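Here come two complexes built around chain A, the first alongside chain B, the second alongside chain C.
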Partner chain A sequence: MISIIRANDGAIKTYSERPHSGYNLALDESVEQLDVDFNTYAQRFTLSCGGRSGETLSVAQSSGDLLVELSCPGESTVDVDINGLVDTLAVVNGKAQLTLSTDVPGVFLLQPADRTRYCAAGEAVLCIEVNPNG
Partner chain B sequence: MTYPTSSEVSSGQPTYASHYNNLRADTLWCGSNNTDAYPLGEFLECYAANINIQYLATNRLRVPVDAYRPPAIMIGGCMLKISTYKDLPSGSFSGAAATWYIHAVRTAGARGFTLSVNTTPVDTDTSRPIGSCYWDGATITSITSYFPTSNGMPDPSYDSGWFAVTAGTLYTKTHGLGSVPHGYLLLHSTSSTGATENVVVTTVKVASQNYYYSPVGFDSNAAYIETGSDASAGTLCSTRRLSGGGYYRLLAWS
Partner chain C sequence: MAKAIKHNGKYVLEADQVISARIRSKEDLQKVMAKLSEQELRELLECILTRLNALEKA
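What follows is the complex of A and B.
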């Protein structure tokens, strides 16, 4: 049994391993209890790069393209928010991929576009910093 | 102090009242007397050891057993010990938010004990309070063991379990301890199982500033964890790792 906390706009704010009512009524949040394993729920949408997820990756400018892997079991397509722009990816056998360029320094922030279905937290949010050379 | 006060008697030797009374003094007061010491049995009425109360899904409690440090307690003059874990039955909690007291319960003819809960700390010849927990009306949010194993750090009074986090977000966790905790530990993992390195969260970063903040606050009922707004280091800013996502686990000790 896990807890899912939703913000007042319906977006999933977080989900918790324990069935705690850790929600904030003052913020008009709501809580749902779901009879599913925490790890199974967490793996519904994950983003990784080089086998790493849930942490910020730092790469050098012009260090070659980055291959981001997305796991979204049971889906045929999925929308990913990349720095505010939504990209629809085809999902095959629960997996999808996208390539990011390191030609220009900056920050890539990737997360699920549909926040009412997937929580933009945990391993579903991936930040990659491309650091300028020199 | 001379101890023991009683002495051996030989076969055929006459025994006197002093023999009996010294032996009684040794037995009851460890060689002392009734004005300087409580009787041993009365003294041991306070005894309980190695009783660690843990959360058991869903909304249950468990007293685990360490074979080398078994849970032991005296209830109603009976010395009790368990060799297998004891679980609280399902459905033991109900009603509005309240502090519930966890009891060890003795049954005639048994040298172990079982568990029960009540909203009052009842101490009788068959029951002793061994801890308390907070029931928020739907779930158990915190647990306090009165007689935990004394070496090492005791189990936390509050354990949030892992929960998913992202930058720029306030997370409220109801611990229900009734006072601000004496200590806490906030851990970060990149894995939902907590299998990757657990990094201690002490600072998070706010976007566009080179300022780093502690993200945790408490009042008597809740913990407030506010992540920084920086996408790269809003949930963790450590030499071990930077993160704007991942999972937190909050442990607190009352």
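What follows is the complex of A and C.
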């Protein structure tokens, strides 16, 4: 059993294995209980790069393309937000992939686009810093 | 945060103004060590004054 806290726009703010009492009624947040275990819920949408997930990765500029793997079991498509650009990826056998260029320095922030369905936390968020050369 | 664009099936970042400015600043610093023509010196001074102006406004 997990508890899910939603913002007033329906976006999932956080979820926990323990019963949540930390939601803020003044902000019109709500809490709901779901009969599913924490790991199953967390694994519905995960992003990884080079086998690493849920952390900030750092790479050098022009160090080659980065392959990001997305796991989204049971879905045929999934919407991903890449620095505000939302793209729909085809999911095959629960997996999808996308490629990031390291040609330009900056920060990539990848997260689920549908925040009412997936929480942008833990392994569902991937931050990749492309450091300038020199 | 810089925007991302899709190009040839890959996601590419748009140039970040702050990072680009830092790179140019580093390049300008290296230029100072070299012998400059009057025109190059004017351009370098212009860059420095532009940055100072931006700092004053920040």
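We adopt the following convention: the second predicted complex is superposed on the first by the 134 of 134 C-alpha atoms of A that agree within 3 Å, B and C clash if a C-alpha of one lies under 4 Å from a C-alpha of the other, contacts with A are read in each partner's own complex, and residues count from 1 in each chain.
To be clear about the criterion, contacts are C-beta pairs under 8 Å (C-beta built on N, C-alpha and C of every residue); 3 or more make two chains touch, one makes a residue touch a chain.
All of these numbers come straight from a predicted model, not from anything done at the bench.
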Just checking: does A:E123 make contact with chain B only, chain C only, both, or neither of them? Give me first, second, both or neither. first
Report for A:E55: first if it touches chain B alone, second if chain C alone, otherwise both or neither. first
Tell me which partner A:Q43 touches in the superposition: chain B (first), chain C (second), both or neither. first
Once the two complexes are aligned on chain A, which partner has more residues of chain A within touching range, chain B or chain C? B
After lining up the shared chain so the two structures overlap, which partner does A:L109 touch, if you call chain B first and chain C second: first, second, both or neither? both
In the overlay, answer first, second, both or neither for which of chain B and chain C A:T14 touches. first
Touch check for A:N24: first (chain B), second (chain C), both, or neither? first
Once the shared chain is lined up, is A:C72 touching chain B (first), chain C (second), both, or neither of them? neither
Once the two structures are fitted together, what part of chain A is touched by chain B and by chain C alike? 107, 109
Which of the residues in chain A come into contact with chain B in the complex? 1, 13-24, 27, 38-39, 42-43, 52-56, 58, 107, 109, 111, 119-127, 129
Note: in the complex, chain C contacts chain A through residues 1-7, 9-16, 19, 22-23, 26
Under the touch definition given earlier, write down the residues of chain A that touch chain C in their complex. 65, 82-85, 87, 98-101, 103-109, 130, 132, 134
What part of chain B is in contact with chain A in the complex they form? 55, 57-59, 136-139, 141, 159-167, 169-174, 189-193, 196, 231-233, 236, 241-247
